[in-house]
Amino acid sequence: MNNLGIVKRNITRADRVAVDKLSRFGVATIHEAMGRVGLMKPYMRPIYNEARICGTAVTVLLQPGDNWMMHVAAEQLQPGDVAVAACTTDNADGFFGDLLATSFQARGAVGLIIDGGVRDVKDLTEMKFPVFSKAIHAKGTIKATLGSVNVPVVCAGAQVNPGDVVIADIDGVVVVPAAIAQQVADAAEAREANEGDKRAIFASGVLGLDYYKMREGLAKAGLRYVD
Amino acid sequence: MNNLGIVKRNITRADRVAVDKLSRFGVATIHEAMGRVGLMKPYMRPIYNEARICGTAVTVLLQPGDNWMMHVAAEQLQPGDVAVAACTTDNADGFFGDLLATSFQARGAVGLIIDGGVRDVKDLTEMKFPVFSKAIHAKGTIKATLGSVNVPVVCAGAQVNPGDVVIADIDGVVVVPAAIAQQVADAAEAREANEGDKRAIFASGVLGLDYYKMREGLAKAGLRYVD
Amino acid sequence: MNNLGIVKRNITRADRVAVDKLSRFGVATIHEAMGRVGLMKPYMRPIYNEARICGTAVTVLLQPGDNWMMHVAAEQLQPGDVAVAACTTDNADGFFGDLLATSFQARGAVGLIIDGGVRDVKDLTEMKFPVFSKAIHAKGTIKATLGSVNVPVVCAGAQVNPGDVVIADIDGVVVVPAAIAQQVADAAEAREANEGDKRAIFASGVLGLDYYKMREGLAKAGLRYVD
Amino acid sequence: MNNLGIVKRNITRADRVAVDKLSRFGVATIHEAMGRVGLMKPYMRPIYNEARICGTAVTVLLQPGDNWMMHVAAEQLQPGDVAVAACTTDNADGFFGDLLATSFQARGAVGLIIDGGVRDVKDLTEMKFPVFSKAIHAKGTIKATLGSVNVPVVCAGAQVNPGDVVIADIDGVVVVPAAIAQQVADAAEAREANEGDKRAIFASGVLGLDYYKMREGLAKAGLRYVD
Amino acid sequence: MNNLGIVKRNITRADRVAVDKLSRFGVATIHEAMGRVGLMKPYMRPIYNEARICGTAVTVLLQPGDNWMMHVAAEQLQPGDVAVAACTTDNADGFFGDLLATSFQARGAVGLIIDGGVRDVKDLTEMKFPVFSKAIHAKGTIKATLGSVNVPVVCAGAQVNPGDVVIADIDGVVVVPAAIAQQVADAAEAREANEGDKRAIFASGVLGLDYYKMREGLAKAGLRYVD
Amino acid sequence: MNNLGIVKRNITRADRVAVDKLSRFGVATIHEAMGRVGLMKPYMRPIYNEARICGTAVTVLLQPGDNWMMHVAAEQLQPGDVAVAACTTDNADGFFGDLLATSFQARGAVGLIIDGGVRDVKDLTEMKFPVFSKAIHAKGTIKATLGSVNVPVVCAGAQVNPGDVVIADIDGVVVVPAAIAQQVADAAEAREANEGDKRAIFASGVLGLDYYKMREGLAKAGLRYVD
């Protein structure tokens, strides 16, 4: 009846071409391309500033203070995957450290997104294993209770299904459903197309008020200029 | 009746000489020079460690999830100004990114203080456009509802009037009312005058207990030394 | 009757040999070696990434908005000590800055742990004086009310007695009671002994599932693999 | 591509018999019957202590500071439904008050679950319209941007699909997927069957240690009794 | 230079007729009548559910852990006043209890709004002395440092000037500047005029979609109904 | 080496006479009588307004998501005891409900203080079993990992030793070390002695400024009255 104690082995990962294309864009752009949805909450922060992730999600549902499922998840990771770990309750324990990171890296995983804590941050930084987490916490965990791997999870406020594309950079974390990955990548590309032009225009002193033709709308809405 | 939907064009900026003098001091010193008032709440943090701002405030009152007024504010910015953005309610959306920063920089603005979120943090860092904010969040905003520009606002717990001097560094953000900018700058200067001496004295091993002659006061207050 | 207004001068510091040995290990390892206890809450963060502390605690009990006891504590600091400051209530004011740091450094102190705010962070960073705090806040404090020095305190959720060993790094802050410092150091050493081997094993692709022989336990707990 | 701007009219509601049966059990019991999943975060609190809800979800996806979709949702409500409102970002504005409640009640709705704010709490209490919310906030909202009705949402950390059963009482809010509503209701009934007996047993002084035969397990785990 | 250490004795209170009229309306209505501004943050909650305040502000600026200025403020209170207490930093100590409440009541004060803590809540409730606060906290305070009375303050995110009207009920706290009190009272009255009618209309089953003629706007914005 | 996996059976409870005397005073009074120390953090709230506790502490150290030790603690409870539960990490799961409460009540326990969550709040309220907690949360827990019973714990920021007196009412929770219980009770009594008189004096209109003779001190500190 419930989705605890389950490991789904065969998941449908988003198309690799779409994933690669998405990896060219930032989180802000991709979330705009999806219509301003799909973001995790902003408390998810990188453990080092340059951290960046774009991969297909292997989801993990953890129990509080217990990282047993991280080991189970390791086996399900394939090159290009990102582990996305949620917990059945709010808990910031250090579910993940340098040994698991070594294992994940050996499997070809490109990073970890965790609505919980991580530790061994110095090692992880030296290994260049990017992690986005709710907390940094040395607190160790046990291995006693089953969660699940590759079931749908809610991670930091976002629904993540196994195989979805997850992109993370300094602006946050966004989830792109596998079924629309290519479409979103294309939309992101279109959105970026004239960014360089726009920057040049604004750098020259043209105002958004004029470039976006906002003055009429503002006046209509009742904006009053006073001295 | 209310102060929404208004753009005040002519504001009285703090005297440039005072602003320049204030730019030589840190936030902690300036806030002490004012009698320990004027600080924003400590959740306001720089998007990069070296960020530093000293400028005259152009205030912005935003609506949640809406950055229309940022574009209106851009036109009111003059060289040496800092945009100070408050919101009518708690909201951490990404009201500001690289394009607005380009526009603000083109106007000569020296930074942004925002009781909300920002995005494109990598670009902003590369542009060396300093921002102090409540959050980093990729969440995009709309342009639908009027706020105001250059009305008095409460930003992160501090009252800010247009033209006030706002100084920000890694220790926080402080607001100096325009009318007392010169006076505060002078007080800050006086305060700093013997800082170097003090440092040398404490480095030599002299205790604050002796330097500040605290022992008598402590004894009077009842301090007991036990073994 | 109460423990306010007291300075204990003679405290029993943890054995220096044990402290030196503990300084070789990270916070996560030490807390594991103690049985996963002794950690402060994860909101305690270093003011700069490379900050690291290992020393014997001189405890300080502060009153809100008042850093008088910091000056009293300075005199009690000996080489190798770390000041551990708690407050009688939640307060994030800037109790500590560059002058006190100069004084502490002159005494041979190796850092500060404070369940409150600090300021002059740029100076502290340049001085390489490591601080772990709840907040960075320019807010100045007064010197009017007695707290205590070298009484037992609760700091960020952890009990600290004067003389205990306190270790802090990017993963957090851990307190080792003086009486078990050597024992914990030995346990930490044992724990680290085969870390390098393990890393190599996991790097080669061996899974924790196999290395730790978890498969049977997982099956017994009811884990189901589905396709 | 995205799920904004959509109203799904025909949703499959959980079977009425199952909903009625679930209404007999508390949130704690139902969440246990599902294997300890499905709970919203504990910040969701009733606006009055006696509030209790059991109904089929009509979901609402709101934009920050905008309650337009609440009006759209009203039309989709049928007797026995509960409105479940999420927002595209964290926002505690007062999206809902007495007039909407009157409208919802006229449609036969049995309550509101909202990851945001509500107002007119005195009126809602007098109307006996139960609401569980993140906040009480007088802040009014606009009607300018599209969200959606009856798309899957994440509300206070829980995934909710239209038609799911949502039960709320003073212990929290739980979501039961429509497909397993009957099964969960049966499991909850089984769980409750001997609760009365157990209470009598414990009231008589029998310890859980003995009733649940925990002593052996505890000893095996290494529990030591000392004097 | 600063506004600490000052007691302003003569303040211009909002017109009594306007205050009395405002007392007839709820916080949500008044804040709407002002154009959706003037609210304090929603963490300000009544110490008992029936608490309600409408009065003219005597402002108090407190120092952390220090309630000296509360005693100074007592003397400035006149019948119909409400004390509005801010603090120079975040602090939740119990600045106020039954003795001060007795004194305030003897002066004719109608309540307290405090961005801090209160205690003796059982007594205050029995005395029917309404308080809206950030916290309930037994923590006692000292009397050592000057703040001010009747200077402009920022309380829970809202600017309050002495003499402004402050209205508080279960929906929150709103500040009406003295100069526009009558105007806001009239606008609130107009707003409430047809509330009863509207309630009857919605109770009869008419939808807001039709009553407010939203369907066209929604269609124009692109809302799609799907099955 | 560590204090996990231990149950201390023989603890020295505070003297019953002192406990009975302390039960006559409120938390605010007792904490003042101790010199303004001993309070738990103000996030600890009663599950119903009338809840009040005064008893001798049986301490419990829980693991996250695990209430095994609650059952172990039940056996150690004697009439007049209060269970005081801390956790090795922040966790708000529902560690305690109606069955454990029945068991605790059968043992003569007078309440529970828990730095975590509770559930079955309706039942607990009907049973008149007072609980002060960090959260109300339906989330169930497991029984898999050892904590301890009757070891010193830090609960909500306060150090609690087995046998200490813990008093809780609507103003918060305070811990009185067993060794000074009688002394604190006497001090509390002295403090309360003239409270009634004081109330009458303040009710008659006498100001604290005069009663406490503050005017001179304020003037000396520099307070200025302006018009």
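To keep things simple, chains are lettered A, B, C, D, E and F as they appear, and every chain counts its residues starting from 1.
Keep in mind that, in the parts below, contacts are C-beta pairs under 8 Å (C-beta built on N, C-alpha and C of every residue); 3 or more make two chains touch, one makes a residue touch a chain.
Since the model is a prediction, treat every value here as computed from it, not as a measurement.
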Any chain that touches chain E and chain C: B, F
Interface sides of chain D and chain E: same vs different residues, half threshold: different
Repeat of the C-E interface, chosen from A-F, D-F or A-D (over half of contact pairs identical by residue number): A-F
Distance from chain E to chain B - Cα centre to Cα centre, in angstrom: 27
Distance between chain centroids, defined by C-alpha means - chain A, chain C (Å): 31
Contacts with 2+ other chains: residues of chain A: 36, 39, 88-90, 92, 137, 139, 145
All pairs of touching chains, each written as two labels joined by a dash: A-B, A-C, A-D, A-F, B-C, B-D, B-E, C-E, C-F, D-E, D-F, E-F
Touching residues (chain side chain E, partner chain F) in the complex: 5-10, 68, 71-72, 74-75, 92, 94, 97-100, 102-103, 105-107, 117, 119-122, 135-140, 143, 145-146
Contact set on chain E toward chain D in their complex: 26-28, 31-32, 36, 39, 42, 45, 169-172, 174, 195, 198-199, 202-205, 207-209, 212, 214, 217-218, 221-227
Residues on chain B engaged by chain E in the complex (per definition of touch): 1-4, 34-37, 39, 41, 88-90, 152, 154, 157-159, 180, 183-184, 187
Residues of chain C defined as touching chain E within the complex: 63-66, 88-93, 137, 139, 142, 144-145
